[in-house]
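Chains here go by letter, A, B, C and D, matching the order in which they are written, and residues are numbered from 1 within each.
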């Protein structure tokens, strides 16, 4: 980010605030571009992964090889689709809800280090910022469910409120473990720490358990796989975004894939050593190599999320709550305490 | 104590069964090839015994209407004027909006002249086009017309009109190479031997037919729906005409007997 | 236990039970309407009969009477019995005037609940004492009982014409005359347009399809 | 239709709560057809439910009174369109019993094979759609892969893929080609491997068990009182299968197969999981039956000689009435035909198994959550064509 401001400063002889805003504009623009391209690729990838797991082909027609341009066609279709507004829905809330939902998750990407120098805002409380912004998205979903004046959407919104809020607690507790080991909230520090000490996952067994807990909690956070109750097709027709169509619906769709990306990225950065590789000194190499390594890990976790979605049935609302509070939370606390003891004694698990 | 064991049992059970389930879908993702067929391009092979669109061998049909009576949904309508043994065909339509493809119309036919082909693609946008006419020709063919007039003349006592020289036996298919018949000679899509009948020549945009004996080779690409040969004896146009001629000869020889 | 023994036990226990008619392939017992509930309760509760399940209730409209037939069967003793109730048709008893009354057995067998509602709905047999005798299959405001022999097929229902080939309402404006149907298709033009030339890939013979994209089709 | 009486004000001291009336259907992804259930909801819990059927009512019984005995056969296919052969079998046996005719031996064995194949296809749909009701979409596609093989097998002799019109009064419509029996045996071998896969993927899955065990428990006497039959009754522990207990087709006596019954392995006896597990084991029993039947198909004619004239002139059975019931994949399908000597029956009543199985729903739903309600409807495995006829 500073390099960008510097570039604007001397190349275009622009004064301070204008350079700052220009730099931010380019960053946000490039991030938005990256996110939409990623979302289209992820949607196509999900349809192909689901298809091949179900002995069928998936999109084949649009574009040449294996229907690669299916997502672009869908996006264009959604652009031209009629944007319905239910008769006595609450117009204002109905209109704002998708925006809030998308911004909540998209803003989380601000504090994420993509490669050695590539980071929009090097926030010292990066992890804390991302978690709190993820909570904003819940407000948008409840607004959508309430505003669309349909009983099924209302049920979806109420389930969303119960599930996502209650799964942020185990997620936060599970994240305490890496923070405790590394000692800082800044995501850059995690990469640096893991460069010399090796991947955090191999640090002690409880970090592995907390990684699993965080992965499951983030699944529930972005309403995926066994926890996709707010948009349960077989019960609630399509949950909170039943009444949405056209571009508004695509915002919800985009949000789901971006939150998948954020949570996979967090798992990769915090537990599996961001852009570091055990044998290769990646930070010495040029920035794109780190970016490729990080994205490879992220897409592996996104694949695992998709794999889970097409294997497991859906949980019931009370089972989701029970699992959150009876299984994930207690084990989260156990991991935190145990890691604290391990750190104090300096025990290590593997000779790394 | 049971609670604790059950608590840990749940955790291990959940993890083990999830992983086993993922193993199945993972194996399908990597090693099982997809089995779906991309429909308009590739089509599943349809067995010859498939019950699809009907086909009528009009020469053998004697307008007994048994098939129309046997139909549970009454979707067959037949109209023909009887001139003694000769039939002047108006229509033989099946309403495919009602037809349930139960093949009850096939067994009662005394002459065994209605069959079902393996053709199943009949989607159309307009309801009225679902009423399909199975006739190969309507009205009277030239040969039949002459016999009818000869009969009436004999009845009225006048001498029979002289037969034009060089009349060749009437091939079963569209009217032979003689004078343009008075009836509208039209070839139905699925009549035996006509292009487009399954197993027959590929169907394509139809050129106006003016009595030319051999069907002109249409330019449209080969897109015959049913690759498998249909059970119906709709052999390719060539040898069918020969077979029909043989039947005609047979009819002519025992024509004197009770028809 | 065969039908005769069953009938003997029933006739002994419950008054008003008729003779066993075994002229037909499935012998049946005719019971007066008044004794119906007692007979079925006995058949269900008596350990020797042990008719646990009433699996069918049917009303049959004969020219001379309306019969309601109850098929009960025992799962433990592997036997079954047909019990009939006959309501003679009053003279001049037509579709609109004659609604026969039969006591409901929904109290004895819960399965009778829906069966009786269906017979009321389709044949107009009123089952007195039924907890919730509403129409089950037809819309609630439907008039008449379709399975009656003298039922007149209604011309329209709720403004929707019911003739077989009626021009659908949405095609017909409220006032302007119905549009004349499309010109009939000249015989000979193919019913099915040739499929659009989608792509050049060969038509697969077996179930397996050629790998898309690879194996280009023959030139055209 | 008077509205459900909803209690409006609940005088809890501060919280003003109200019941919600929710319409599940007739257009809903998991009602297995056009079924509408009016639910009274207190939050996620269903407090009262009322089924509203009749959206697929075609009055087949009125048509039965206007067409001949042979012509009604294709209409019975359209009742339970997932098990067309079993419907035709019940109708054909009823007409044969009325006429006092017996189908030839080869036809009887072909009927057993074709009906058991159709039972597997029907149970495969029940298994696939039950997976979708629970949220797992993948088993559906595996189920349809096997069902496609069954439909291809049944297509060869009959000529149609779903509504076969193959079993007719007096025998079967066409003879089978010579390689058909070997293909059926090949399918049986292949199916067993796939069946084990289904269990590993869905049946033993902890989430699936959590969603179905102890849900929609149907006690034994309640099932009997409501007239439930088939896998719904057997799921509650009652060993009652018409193929064995009320023999209607003599080849079944010469075949050795057993009747799977619910045992309450996960949760109480008679819950959704038991009904599901009974259907899964019934598929394997059908495979056993098919294997034994394929080995014993004798040569000979496939349609009774005297009955062939029914194609030309309609049958005229004498006066009489007959009730014939057969084991349809969903339960006991019975045809009660009253004939007054004419060419078409005076009254032909079809007792559909789904009609009685569905009548239990109003008693099962109160107390469940919506997700359980969907699970209960799925476990009853109803087909609305048969409920509404």
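Observations, loosely collected:
To be clear about the criterion, a residue touches a chain if its C-beta (ideal position, glycine included) is under 8 Å from a C-beta of that chain, and two chains touch if they have at least 3 such contacts.
Note that the structure is a prediction, hence the values are computed from the model and not measured.
The most central chain, judged by C-alpha centres against the centre of all protein C-alpha atoms, is D. When the C-beta contacts at B-D and at A-B are tallied, the pair with the greater total is B-D.
Using CA-based centroids throughout, the chain positioned farthest away from chain C is A. Computed from the mean C-alpha positions, the centre of chain B lies at a distance of 35 Å from the centre of chain D. One simple way to say how far apart two chains are is to compare their mean CA positions; for chain A and chain B this gives 59 Å. The distance from the centre of chain C to the centre of chain D, each centre being the mean of the chain's C-alpha atoms, comes to 17 Å.
Note on chain placement: the centre of chain A and the centre of chain C lie 55 Å apart, centres being C-alpha means. Counting partners per residue, chain C has 207, 212 as the residues that reach two or more other chains. Residues of chain D in contact with at least two other chains: 138, 142, 145, 201-202, 205, 207. Among all residues of chain B, those that touch two or more other chains are 10, 18, 21, 24-25, 28, 35-36, 38. Every residue of chain C that touches chain D in the complex is listed here, in rising order: 24-26, 52-56, 58, 60-62, 69, 71, 73, 75, 78, 80, 82, 109-111, 113-115, 118, 122, 135-140, 146-147, 207.
Those residues of chain D whose C-beta lies close enough to touch chain A in the complex are 20, 22, 28-30, 44, 131-138, 140-142, 145, 201-202, 205, 207-208, 210-211, 369-372, 374.
Interface of chain A with chain B (complex): residues 49, 51-57, 60-61, 307-308, 310-312, 326-327. By the touch criterion given at the top, residues 7, 10-11, 18, 21-22, 24-26, 28-29, 32-36, 38 of chain B touch chain A in their complex.
Residues of chain B that touch chain D in their complex: 10, 13-14, 17-18, 20-21, 23-25, 28, 35, 47, 49-51, 66, 70, 72, 100-104, 107-108, 116.
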